[in-house]
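Two complexes are shown next, each including chain A; its partner changes from chain B in the first to chain C in the second.
Our next item is the complex of A and B:
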C-alpha cells in the first residue's frame, strides 16, 4: 500500500495537459506531465488518480499509460465532470490527486500463462499491464488478451492492438455489428466477450487472469475461467464504486469490509465472489 | 463449394460435441456427413431456406447474420473452429432463421439433417443424445446472447 503525504492526498496538484487523443466519439485520452518526483508516488498499473476539473468536480480515473515523464488517462464522456475533462485541450490545467489504490500483480516466476480480459473502457486500466507483459513476453509461455466492445467503432487503442499482436495473442469481439457492404464488415468475432474463451477446452492451472470492465461482464468471464480450470485466487478484477477521498476515510466506496479506493480497486475473485452476489453492495 | 476427402468418422470421434455418442451412433452420423469447403463471402445457409443440414466447423469462421435492408446486414454471432452451426434441421418448421456466411475460407463437415431426422425417429437413443448435445449448445448461446443484448459497455457512439 502506498502511503501518501498529507498534501498529495488532499490537495490537488495542478498538472498541464500535454496531449489529447480522441479514441472514439465519446472517449478521450489525456496525456499529463508526470510530476511525481518522489519514488513512492510513481504510479503503478491498475492505480488511479482523482482528476479535478476546476469548478466542476472530481472523478477517479485509472492510468491508461505510465511512462517516466508522462502519464495518460482515458475518459469517457458520461457526466458533467468527465465531459469537462474530455473537453480539455493541450495546455489546459487539471487538478490531480494520487496515485491511489492497489495495483495489478503479476510474476513470471509464479505464472507462465496469462489471460487478460477487457470490456469496453476496461481496456484502459489494463493497458499499462499489457505494455509491461508485451515487453516481458519472453518470460511467459502464453499471453492471451481478449477484448470486448459494443461495436467496431468503439474499439479502443487500435494502433496499440496491432503492435501487441506481434508478441501477444489478441482476440476481439463486438456485441453489435452492422455493415453495408461485405468486405467493409468487421472481420473479427461477434458475440459477448466470454465466448472468445469457447475455443479453450481447458486452461493451465498456473494461469493468472486479469479482468477489467463492467461488473456483469467480469462476473461471467471469471466464472467461465473457473469452469476452464483457473484458480479463483489467481483471477484479479478491478472494481469500481463511488471513490471520493481516495484514502479510505469517507466511506463512499465501501464494498463490504473494504474501501475500494484503498484496499482496491483490484481484488481476487475468490475473495470478491460472495460479495459480487449481494445486490445491496 | 467443393468436397474434399477425409474420414468423417475420425473427425467426429475427436470432436467434443459428439463425445457422449457411442461408436454405433457416430457411424450413423458419419454416414450422413461430407466435407465441404467454402470461400470467404459465400453462404452456408440462407434465411428462409429449408434447413436440411448442420455444420461442424473444421477451420475458418462463419458469421450468423440477418439482412436489414436498406441499411445493410447485422451480424449477430460469429462461430469459429470446432463450433456447431445450425439447429433448425432438428426442430419444425426446419427452416433457417438466419443467414450463415463464411467470413474466411472455411472447411466444415456438413451433416444431412433430413437423413438424421429419419435415423433419430428409428433410433430414439441417438435422437435423445443429439437432443442433449444440441440443448447444451442452445442453452450456452442463449445465455451469451442475453448478455450481448444488455449493452453493458454503454450507449452507442454513432
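Our next item is the complex of A and C:
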C-alpha cells in the first residue's frame, strides 16, 4: 500500500534538437527526432510533450508537426523555461516526456464540413490536424480555417498558410493593425477571430469544429458556432492549465473532475460549457 | 456491530509493551504518533524506536483553529496511551514524502549543449523506506487510527487509478496496528463517513479501556495485576488493551503473545466494557457532529456518498463560497495536514557552475497562486475560488476521479486552520445552499 508512484514516469528522455526555426519575434519552432519507434506510441495531433530545459524546468508543449521521422514544437517565449527552450541551438539536448493527453478526433465518415479556429499560438496544436485534413481534403465537402492573431507581424506559419490555401479556405484576422493606413501589406480582416464567422448564416449539422486559443476566444467562437447550428458535442476545444507531471499525479491541471493531462487537453464544448461559465474555475 | 469472537486482552502498560515489541521484532521500522522531541507540544507521525516513544499520558485538545496537548494528572500511574487523536502529520508523509529528489541531470563535459539524466538513488528518492526489498522485513504502523488507514487506502487508490501504483506482494505490505479512538476530537467526523471510531480492516486493532475496581489490600500485592492498578482513594483504575486480530498477519501476533501468557481471552465483563467504551466514543462523535450539522436529516446521511458530490457541483457558481472563505487566509495549512491531498510541484535546482541540476518533488497546495498559474496569470485568483477548488475536489470531483470521497473525516484541516474554518460546518452550509 505504500507508494510513491513510479519514478520512471518522471524521468525525461534526452533528445537532440535537430533544427530551430524562428517564426516571429517571440516564437520559435524546434525540431526533434521522432524517437518513438513503436507505432502505438506515435504522437497524435493535439497531444503534448513535457519539455525540460537543463536546470530551468519543464513545460507542456503540444506538437506543431508530426512526421514519421521528426516532430516539432512551437514555443512562445513567455516564462523562464520557454525562454530557455527557445534559446536552444541545433545539436543541443532537450529533455522530453510523453506524449501525453488526448487528441483531435475527426472522421470523414461522420463529418463533411470542418471548421478550424486558431487564436495566436493556438494554431500550433492545430497544425498537425490541418496538415492531415489538407492531405485528405477530397474526403470533405468544405474545410474552413480561421486564424486570428494580435497583429500581422505575429501571424504564424505564413508559408504553410499559402500552401493550405490551395485546398482549404483560410480566413485570417488580426486584432489590430497599426500599419493599415500606411500601406502595409495586410489586406485581410481586422477584428477578433470569431467575427470571421459573421459571413456564415448557417453551418451544416454535420460540421465538426476544432478550436484552440485563449479561453475567452474559444468560448466566444464556440457560442457563435452553436448559434450557427453546430452541435455542441461536435465542437472540440483544447484547454490549458498548469501542468507539472503529465501523468495525473501533480493535481495542477484539474478542471473540475478532469485531469487535463489525461482526460484533456481536448474536450467537447457540450461537456465543458457549464465549467467554462464558472469564473476562476 | 460485528465483532470477532476472539477478542484478547493485554493488561496494563506492560501488556502493551509486549505487543509493541512483538510488532517491532517482525518489522523493519515502526511508525506511529509520538512527540518529535520531549519538549514538543505537538504529535507527529514519526518513527517509534521503542515503546518509550509512544506518547504516554498525552491527551490532545483540538478545536477549530486550536491544537494543544495536555499531560494527564501525574498521580495516575496508569496513564493512557491512546486518548489522543491523530497529530498534524499523517501516514501521507511516509507514502508521499514532503520532499524528495527524483532525478539528477549533468551537463556533458565535451559538449556544453548536451546533458544526461538519471534517476536519483533510492535513498534520495526516499523510496528506501517505502518500497521494501522483499528480502527484508516490512514497515509497521502502530497506533494509527481508522481515519489514517482510510486515508492511506484513498491515497494509494490515487496512484493505482492513475496507473502509477507498483503491485506489491502481501509480505511487502506494511503491518497495520491500529488503535480505536476512545476519546474522539472535537473536529472529528469519521462516523459521518460510515466508519470509526474503531478500525476493523487493519491487521490488528487495539482498544484501550479502563476498569474501576475496588482495591483489595489483602491480596498478594506483587501480582502483575496489582502493579497495573493505580490507587484513587478506595478504588483503583485498571488499564486493559482489548486486541482484535483481523487478518492472517494479525492473528500470528496474537497467537505468539497468547502462547507466552501475555494475552488472554477477554472475559464477558471485559467484552461489555469494550462495547461500552466504543459506544461512549460514538456518542461523543455524534454530539461533536451535531454541533456543526444542526439538521438531523443531514447529519444522518453518509457524507462519503455521491449525493454530496452532486450537491456541491450544483453549487459551483454559488455566492456562498465568498461567505465561507471570507476569513480564509489562503495559507494552505489544510492541504498540508490533509492525509489525502496529493498535489505536488517540482523544483529544479542547479549548481553555481551550471553543470549539475536536480529535480525535487515537493508538496504543493491549491491555495497558492502558483498552483493554477498558466502563462499570463493565475486561474484561481481569488481566495474563494481556491477554497472552492479544495472543497469541491475533496467532496465532489474526487468521486468522479477515483470513485470515492477524498475526505476521510479526520478533521485535521479544521484543527490546523489558523482562523478555525470548520470544514464540516462549511460543507454543510454549502450543500444546504442557503446563506
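The criterion applied here is as follows: the second predicted complex is superposed on the first by the 267 of 281 C-alpha atoms of A that agree within 3 Å, B and C clash if a C-alpha of one lies under 4 Å from a C-alpha of the other, contacts with A are read in each partner's own complex, and residues count from 1 in each chain.
The criterion applied here is as follows: a residue touches a chain if its C-beta (ideal position, glycine included) is under 8 Å from a C-beta of that chain, and two chains touch if they have at least 3 such contacts.
Bear in mind that the values here come from a model prediction, so they are computed numbers and not experimental data.
Undergrad: Of the partners chain B and chain C, which touch A:78 in the superposed model: first, second, both, neither?
TA: Once the two structures are laid over each other on A, A:78 reaches both partners.
Undergrad: For A:120 in the superposed arrangement: first (chain B), second (chain C), both or neither?
TA: Touch partner of A:120: chain B, not chain C.
Undergrad: Scan A:178 for contacts with chain B and chain C and give back first, second, both or neither.
TA: It touches chain B, and chain C stays clear.
Undergrad: Just to be sure I read the superposition right, which of the two partners does A:15 touch: chain B = first, chain C = second, or both, or neither?
TA: A:15 sits against neither chain B nor chain C.
Undergrad: Just checking: does A:280 make contact with chain B only, chain C only, both, or neither of them? Give me first, second, both or neither.
TA: Touch partner of A:280: chain C, not chain B.
Undergrad: Which partner chains sit in contact with A:145 here, chain B, chain C, both or neither? Use first/second/both/neither.
TA: Neither: A:145 stays clear of chain B and chain C.
Undergrad: Output check: A:220 vs chain B and chain C. Expected answer is one of first, second, both, neither. What do you get?
TA: In the superposition, A:220 touches chain B alone.
Undergrad: Regarding the shared-chain residue A:153, is it in contact with chain B (first), chain C (second), both, or neither?
TA: First partner only, chain B.
Undergrad: Pick out the shared contact residues on chain A: the ones touching chain B in one complex and chain C in the other.
TA: 76, 78
Undergrad: Enumerate the contact residues on chain A facing chain C in the complex.
TA: Chain A residues touching chain C: 1-12, 14, 16, 52, 54-58, 76, 78-79, 82, 88-89, 91-93, 95, 240-242, 244-245, 247-252, 254, 256-257, 259, 262, 275, 277-281.
Undergrad: Over in the complex, which chain C residues touch chain A? Could you list them?
TA: 94-97, 100, 102-103, 105, 107-108, 111, 113-117, 119-120, 125-127, 130-132, 139, 152-153, 155-156, 158-159, 162-166, 168, 173-174, 313, 316-317, 342-346, 348-350, 354, 357, 359, 361, 364, 366, 370-376, 379-382, 385, 388-389, 392-393, 396-397, 400-401
Undergrad: State the interface residues of chain A toward chain B in the complex, per the touch definition above.
TA: So the residues of chain A in touch with chain B come to 24-27, 76, 78, 119-121, 148-151, 153-154, 173, 175-183, 185-192, 194-195, 198-199, 201, 213-214, 216-217, 220.
Undergrad: Quick check on the complex: what are the chain B residues that touch chain A?
TA: Against chain A, chain B makes touches at 16, 41, 61, 63, 68, 71-78, 80-83, 101, 103-104, 144-145, 147-158.
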